[in-house]
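Given below, in the form of structure tokens, are the structures.
You will see subunit A twice below: alongside subunit B first, and alongside subunit C after that.
Now for the complex of A and B:
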């Protein structure tokens, strides 16, 4: 697992998440929502796995609702529980 | 021209607003939330930042700000999206048709509507809200500032009433926003607040929005592209998507953001002070001109004044001001029919003078001189 992917029901929520990450210096960026996760369109927030805890805390702090959390690298993504150990 | 029709739209805009619009049209911004290439993401980020700027201005959360083409759209979305035929809504005789007509539409579907009457000076007081409200009232839909007299509604008291009775507050801030410090919106538990960009927020025409406070489920008024959930037959009901079907007006939104930032730089207290001084200068002198009747309670008012010169048609007065003195004002009914019916000015209308940050005391003096001359001539 080298990267994690947060998905959102709203592109504007995804962008707010990216802006917050940018402010806090987390190297996250928006990418097209992979079709293996959901068909259609939309954006997902791609973050280094090492930032997972900090990003999860940031999203919770600002009450930004995520739809899912996935781990993977490249084209294969595996759904994760979003609560950290 | 001396432009005193700022309540229709502010004519002079800060340079920063035009710069922001030009920049938005400069060939770098794509369609926000439509794709993930750099131009689309840059547009989405620009809109996201604008949402944050508006949120900071209104003391709201960024994702509780939806961009709409105008306050009229926002009010239609609020009234038709949040209310049902089972509701009972309290409104006032000072409302603009942007509020009244959606309410009438809902009334025709069975919704009950109670209207707070006016005092003879042309406004209402908190006690009138108490005496009009019913035990089964579910929502209050009012403007924060009259677009005719500039009278300020007792917003804090109305918000308290809504809080105590668990009523939805639908507030039209078209005239209010940008003229004085804002009420504590963030403390309101359940509200929908409409604003326009092109009046006292100094943004471009075609910009505006709806602010959601607390849990207020909305049905979409306009459905279509949302950038998400493309295979769903229904438009998303999440906020702000529920109000933002179709491509956003990015140049307008960025111009609006620039206007709000400019206002914040000026300071709303300073802005309010200047506007109050202009209004006071105008009202104090105009009241002394024989034959002129000024409307409104004059207790607490924004930079808007309505008057008539004896029995002259308001259109004639406004035409004389324009043609002979180069002064732009607004005659007629100002899209506020209940107010004019209550004041007996349905036929005569009224002449509205409205001021912005860019107006000067010299311009007010010129307008006063013109009114003295018109009054003297009749």
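Now for the complex of A and C:
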């Protein structure tokens, strides 16, 4: 399954983003930030690629700033541009 | 073949009798009869852990057969080498903010799926049984672990105490004897 991963500058923002997605019925969840993206600790929001546009819009609407967007699965992720509305 | 009729006996008696019989059987085949599926799984899991080849069947309503073929040295040895157990005793990982602790626990179980070396067993007890009954994210990841051959066991007493017995959706029910046995046999990881 094609997935995208949003990263955030704080774990509070990440948790807020997951809650918001749950409330809006998007099947997203937090996972530990994969080591390939950063050696540091962190939480990232994992979403189906199909929800990418809707989730990006939702996060912007609620002013939850993302740090990065990645596509991939498991341990392998590639950074991408979030150019959708 | 030796036969133990443990029908009508309540948990954990069938497991205790089976363990005793296996110790006395000295390489002979053993057939254990129980009257419910949970007891059958508990007896089968005991055999699996001890390295026996175990076959479970349900020939008639109210009777489950668990058949033990003798363990080989190789099978028994392979069970003892390198295995570990993960014990989950709470919904949260560590102490502190509850919501954050839950995210940590969900993250731990997700990350466990990514490990090259998986545990033999995951034991859920006390509020840890919420992870096999209530939390959709941990249920999903525990099912994935189960598909990879990890046995997920939830404490039956705990499920009953928290009113979650009917909500178990991943793994099997176990008892304190089994939990105690596993935690004293395998190195145990407690997140």
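Assume the second predicted complex is superposed on the first by the 83 of 85 C-alpha atoms of A that agree within 3 Å, B and C clash if a C-alpha of one lies under 4 Å from a C-alpha of the other, contacts with A are read in each partner's own complex, and residues count from 1 in each chain.
Here, a residue touches a chain if its C-beta (ideal position, glycine included) is under 8 Å from a C-beta of that chain, and two chains touch if they have at least 3 such contacts.
Just so it is clear, the structure is predicted and the values come from calculations on it, not from any experiment.
Trainee: After the match on subunit A, would you call subunit B and subunit C a fit or a clash?
Mentor: They clash: once the shared chain is superposed, the two partners overlap in space.
Trainee: Hey, is it subunit B or subunit C that touches more of subunit A?
Mentor: Result: the larger residue contact count on subunit A belongs to B.
Trainee: One more residue to check, A:75. First (subunit B), second (subunit C), both or neither?
Mentor: Once the two structures are laid over each other on A, A:75 reaches subunit C alone.
Trainee: Considering only touches as defined above, state whether A:25 meets subunit B (first), subunit C (second), both or neither.
Mentor: neither
Trainee: In the superposed arrangement, does A:43 touch subunit B (first), subunit C (second), both or neither?
Mentor: In the superposed model, A:43 contacts both subunit B and subunit C.
Trainee: Examine A:16 and indicate which partner it touches, taking first as subunit B and second as subunit C; both and neither are also allowed.
Mentor: A:16 contacts subunit B only, not subunit C.
Trainee: Subunit C: which of 25-33, 97-105 or 169-177 bumps into subunit B?
Mentor: Clashes occur only in 97-105.
Trainee: Show which residues of subunit A both subunit B and subunit C reach, each in its own complex.
Mentor: 11, 15, 18, 30-32, 43
Trainee: Under the touch definition given earlier, write down the residues of subunit A that touch subunit B in their complex.
Mentor: Contacts found on subunit A: 9-13, 15-16, 18-19, 30-32, 39-43, 63-64.
Trainee: Given the complex with subunit A, which residues does subunit B contribute to the contact?
Mentor: The touching residues are 32-36, 41, 44-45, 47-49, 51-52, 61-63, 227-231, 236, 238, 240-241, 244.
Trainee: In the complex of these two chains, what residues of subunit C are touching subunit A?
Mentor: Result: residues 99-100, 103, 106-108, 110-111, 114, 137 of subunit C touch subunit A.
Trainee: What part of subunit A is in contact with subunit C in the complex they form?
Mentor: Result: residues 11, 15, 18, 29-32, 43, 74-75 of subunit A touch subunit C.
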